[in-house]
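Here the structure is laid out as structure tokens; the discussion comes afterwards.
Chain lettering (A, B, C and D) follows the sequence in which the chains are written, and residue indices restart at 1 in each chain.
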Amino acid sequence: MENVKAYYSNAPVGGIDFKNKNINDQGNVLLKPLLTGICGTDRGIVNAGLSFAYNPEGYNFLVIGHESLCQVIESESNQFKSGDIAVPLVRRPGNCPNCLIGRPDNCSDGDKHEAGITGLHGFMREEFKDYDYNLVKVADPSLGDLGVLTEPTKNVVKAFEVFEKVSSRSIYYNSSSTLERKKALIIGTGSEAFLYALLSRDYGFETYILNRHPIEKNKMEMCQAFDVNFVNSSEDNDFPDKSSIDLLIDTSGDPGTVFGFVRKMNYNGIAILFGTNEKAPVGTVTGSDIDHIVERNITIAGSVDAARIHYIKALNYLSKWKKQYGNVLNDMITGYYKPGDLDLFRKKPDGEIKSVIRW
Amino acid sequence: MENVKAYYSNAPVGGIDFKNKNINDQGNVLLKPLLTGICGTDRGIVNAGLSFAYNPEGYNFLVIGHESLCQVIESESNQFKSGDIAVPLVRRPGNCPNCLIGRPDNCSDGDKHEAGITGLHGFMREEFKDYDYNLVKVADPSLGDLGVLTEPTKNVVKAFEVFEKVSSRSIYYNSSSTLERKKALIIGTGSEAFLYALLSRDYGFETYILNRHPIEKNKMEMCQAFDVNFVNSSEDNDFPDKSSIDLLIDTSGDPGTVFGFVRKMNYNGIAILFGTNEKAPVGTVTGSDIDHIVERNITIAGSVDAARIHYIKALNYLSKWKKQYGNVLNDMITGYYKPGDLDLFRKKPDGEIKSVIRW
Amino acid sequence: MENVKAYYSNAPVGGIDFKNKNINDQGNVLLKPLLTGICGTDRGIVNAGLSFAYNPEGYNFLVIGHESLCQVIESESNQFKSGDIAVPLVRRPGNCPNCLIGRPDNCSDGDKHEAGITGLHGFMREEFKDYDYNLVKVADPSLGDLGVLTEPTKNVVKAFEVFEKVSSRSIYYNSSSTLERKKALIIGTGSEAFLYALLSRDYGFETYILNRHPIEKNKMEMCQAFDVNFVNSSEDNDFPDKSSIDLLIDTSGDPGTVFGFVRKMNYNGIAILFGTNEKAPVGTVTGSDIDHIVERNITIAGSVDAARIHYIKALNYLSKWKKQYGNVLNDMITGYYKPGDLDLFRKKPDGEIKSVIRW
Amino acid sequence: MENVKAYYSNAPVGGIDFKNKNINDQGNVLLKPLLTGICGTDRGIVNAGLSFAYNPEGYNFLVIGHESLCQVIESESNQFKSGDIAVPLVRRPGNCPNCLIGRPDNCSDGDKHEAGITGLHGFMREEFKDYDYNLVKVADPSLGDLGVLTEPTKNVVKAFEVFEKVSSRSIYYNSSSTLERKKALIIGTGSEAFLYALLSRDYGFETYILNRHPIEKNKMEMCQAFDVNFVNSSEDNDFPDKSSIDLLIDTSGDPGTVFGFVRKMNYNGIAILFGTNEKAPVGTVTGSDIDHIVERNITIAGSVDAARIHYIKALNYLSKWKKQYGNVLNDMITGYYKPGDLDLFRKKPDGEIKSVIRW
């Protein structure tokens, strides 16, 4: 076990060589990782806490790593050339109608796979092969390291697509046709929460980001730069105004918190559930809560993953935000680690927004 | 109190004359009720259990009755003539964008009124006036008494509109473009539940209707006639198949029951919450439930009331069902009562689907 | 010509035996035709006037017949049993995204086939095999011969789906949320035109059907029964009111007529182009016409064919109309012919709405 | 005629003082113009060629100018303060359902007004009053003069909304869920054409811009900077590939050109008609053209004007493009003129993309 260089699911952290040649790679493009982002799913897999993760068929381990910014080493595809920067898609389609139209994020039967999570090796390897159609090119050189945020951002883009679709059930916009003075509340202050906040501002929502404790100075500065309001729910229990949340986005996965704010949603309000936490304490829902949802035509929509189009839009948003917010956006990456820094998986660094491994 | 002839909310049943001349009626059509349907909302108001009901401005009582089949006595409108049969709209618009386009059912600010429920007198009076634009003509004479089901049916039509809108977030249909073999589960076995079941069958869903106890013979016969399957949840705990509900419709308002079945919903499943019961026991939601909603892209949508277009469609559906199912559909009306039968409000008759007052 | 028993495209009418064993049939259900409807496409193919029709690969002829009501003779599928009545789907999918989700009617690349028209033998044979998934069961026995109208009706159902989708670009409904007093004008008085008129009435449009000459008595009676207004455009040149058409449906394929009425469309109006006539005289479009389309946000949408879901809905509509209009609907079938009546393909019978071959 | 300082419709250019006190201004914000863009509509009005323009009630002239970038002089609104930069909305609502929800661009009955065009004075005055709800703030100082492009850009944003709505009638995206390799062709090389090209690129279309003669060097450079391909239709008659246009946008209003390219549209293609030219030569449409539209499910949609939300999005797009393309975007403004430069209305300057008056 001296050679611990990669991460896998069926044992304590460690075990296989990053260059493990037993992994059967297929593809017409050879890539090496530049940066790999780490999220709760990675920590969950490494610490054996995620019931839904599973090894690829024929393997007794799973290479993790799904938030990946890569460089092309060699290419047999005319769409990529050596040196190109690319982000690989996480989810790979099955045969349901949604998968067949390039929307495995909406898979109808669960018969898809996710690189680094469910039945497919991830990208935390010194090199790997993939097919060109699974790669999204990063064309804007000014984006730099921020390209590693493509994967979490694409989830946000898809969630807003869901918002647009389900909100079409009534006139959601105000009588000026806009979202001016509509309120979005985002539960959580991690990287996904901030990305949701950025897009919420772009849509024109008055945007609030919430936690039940004060947040670090770096996060407060980002709120200010992004024109987002921070709410400490342990202090501001009545905030926002009674029953005035037009868009609620949850990144916590905590049922009690979610339904505590569903109770405060406005007429025709939309709640997007994104965060998951199987170990969260049980929450309660009352008859009055159901009544609130019914009488106000409220919609609660789970949203998971995203499709190729959302990766492309995510890159466009990141480029735009980079130009708009400059270095503040770089502060989203709160720490750089080495492939061998195994503690990163055991304990979340203080003030973490996004920790990344630099290869 | 000898002359008890109407029902109001701020006192025990009884109190005002059906011909009470103190009620300020406005409109260009004079109507008399033929039949008035009774539902849980009426019982709730009469027994002072509904927190959201309130009297019209300037009145210390509320005339109830919102499920009404009427006949025109006199008309100053060229759209109606004496003898015409009509159903009055329940909800009347405020000034929000949804109200302004004829969709007060989707009111954005709560500034609407509901006849017989919130701030507007209902139709349980020997005669009343209304404007032609608040009346929907019943043109099919073969419909007969079933016209009284227009009001509850319009809620069902609107709920399926919501289903269509929110399900557009992904490919909901199967790879043949149809709903064949998709499963709908309807919680409850009251009148609304049966109307939901009828429309669910028309849409092509394999349809299940559920209660936690056996149902009466008349209801079992209707299930058979409508090609709807009854599920006794106290016996068939694993039904339908694990995680296979594509459309869940709740008419119970019971949080525990609702989330018990949300846990069994299929990928891209849609849950419509329609029933309300403020006094229902508290239900619980776990982290795994949230995870299920997120990972499966499930949508939960409250749906209340309906607009003029849904009344019109409801009448079309009732006409179609009458021709298709014949007298079995008449069995939806399980009892006829007189305006003075006050016990009807105190206790639900055994085997009730829809109780109506004949004037 | 004694042996003339089938129809094909590459020669004068006649030529192959209905039981031609050289046709390679595949499927798990054996069927025989009961009725075959004849339309302009059939006449076009037989008379070699349709540029887009072509023979199946490996054949130098095309069996025509796409409007077919069949009976199951033998079945290896558990979805059908001997004696069942069924309608076979016309269009068979390729590999584009629309085909893959069961919507070959919206084929993205033209790589689909149509039985009896493009590259696939039709159903004008004494028996043929097909797969269960290509067959739609006719469950309502009261429908009788009218089942043969399923194929033309499914086109109408799809066209109204297109109407619903494209009209979502603005608030199309009136301020009561309905289509009351909205006007639909249908160009043509053939079978498709009448089916469009029936569905237009069901949607709630004030409905007009138009030709440039008087129509036969049987057609006038159907108009009356269906509450549809007939317009003789050679006499009522200003009809409907100037610029007041909310929905225009063309079954003529005549460019001059189409744009003559596009000029009279209302704000947000939708024109559905359905009819085709490659030999129609050239029409003109002026700068003012373009201006009218732009300034009024008018949408013109071609609509072809339909998918399985529309066949199912077509059967539901036909059942409803049969119960609603009784024998008047049967008058849609204006003539029964024998398989050998070849004149039927050479000349349209007077007053024809739908001619059918009874097997 | 010495005092010629403003422009009006019922006479040769000239006539009223810019500070004409006879114009009854209402509003809570006093503004002065910084820049006014000139377009074909302005020239049409001044030269009396636009049949649809009309004077405000009670006036025998019309102040023109609808593309306006202004500065606040005084404000009684708490939404604006002196010095703020703002763009005034052109179209003002009537009472139809679309107007009531802030979408006068989709007006259902024509009972709206357009500042500087139809029944409402425009902004070509030394100062004018307006209400805060008719003004959109320009918050990004880096935008500078480009703010004057907000008005033409908002039309483009609305047109793409129309594209999104009508294309929902089928799966428009490719099997990867994206628009990669889909082709957009824009007819025309004026300012609107370039703005359409910019947004088309942002959506991911392979984008072509077309004229029937070569274009000036400045325009070629912009094409290159924006990654847009120029097509000289007099030379490349077969371009793009036969029948492969997925999105066609017309800014010419020329019927012959429009239908010449409709004939080359791909399956499920969308054509947006935006340009108008009442004096364009008559074009022709054949039976084959209608057949092409029908068989390929093609949609042709007129699109006019835009709503407040599109002004806001237009400003966001302009900010993004300014950061992305830098000074090349400034080259969209090809000439600055003085309020007295009347020749500007008589003759389009060579190589004009957008001419503006600086106040």
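FYI, contacts are C-beta pairs under 8 Å (C-beta built on N, C-alpha and C of every residue); 3 or more make two chains touch, one makes a residue touch a chain.
Note that the structure is predicted; figures quoted are calculated from it, not measured.
Centroid analysis (C-alpha atoms only) places A farthest from subunit C.
The chain pair C-D and the chain pair B-D differ in C-beta contact count, and the higher one is C-D. Centre-to-centre, using mean CA coordinates, subunit B is 48 Å away from subunit D. Between the CA-based centres of subunit B and subunit C the separation comes to 38 Å, rounded to the whole angstrom. Centre-to-centre separation between subunit C and subunit D, using Cα means, comes to 40 Å. Within subunit A, residues 97, 100-103, 168, 171, 173-175 each touch two or more of the remaining chains.
Looking at the complex, you find that subunit C touches subunit A at residues 97, 100-102, 168.
On the side of subunit D, the complex with subunit C involves touching residues 52, 96-98, 100-101, 103, 105-110, 161-162, 165-166, 168-171, 173-175, 250, 253-255, 258-259, 267-268, 273-304. On the side of subunit C, the complex with subunit B involves touching residues 100-103, 133, 171, 173-179, 202, 204, 307-309, 312, 316, 319-320, 323-324.
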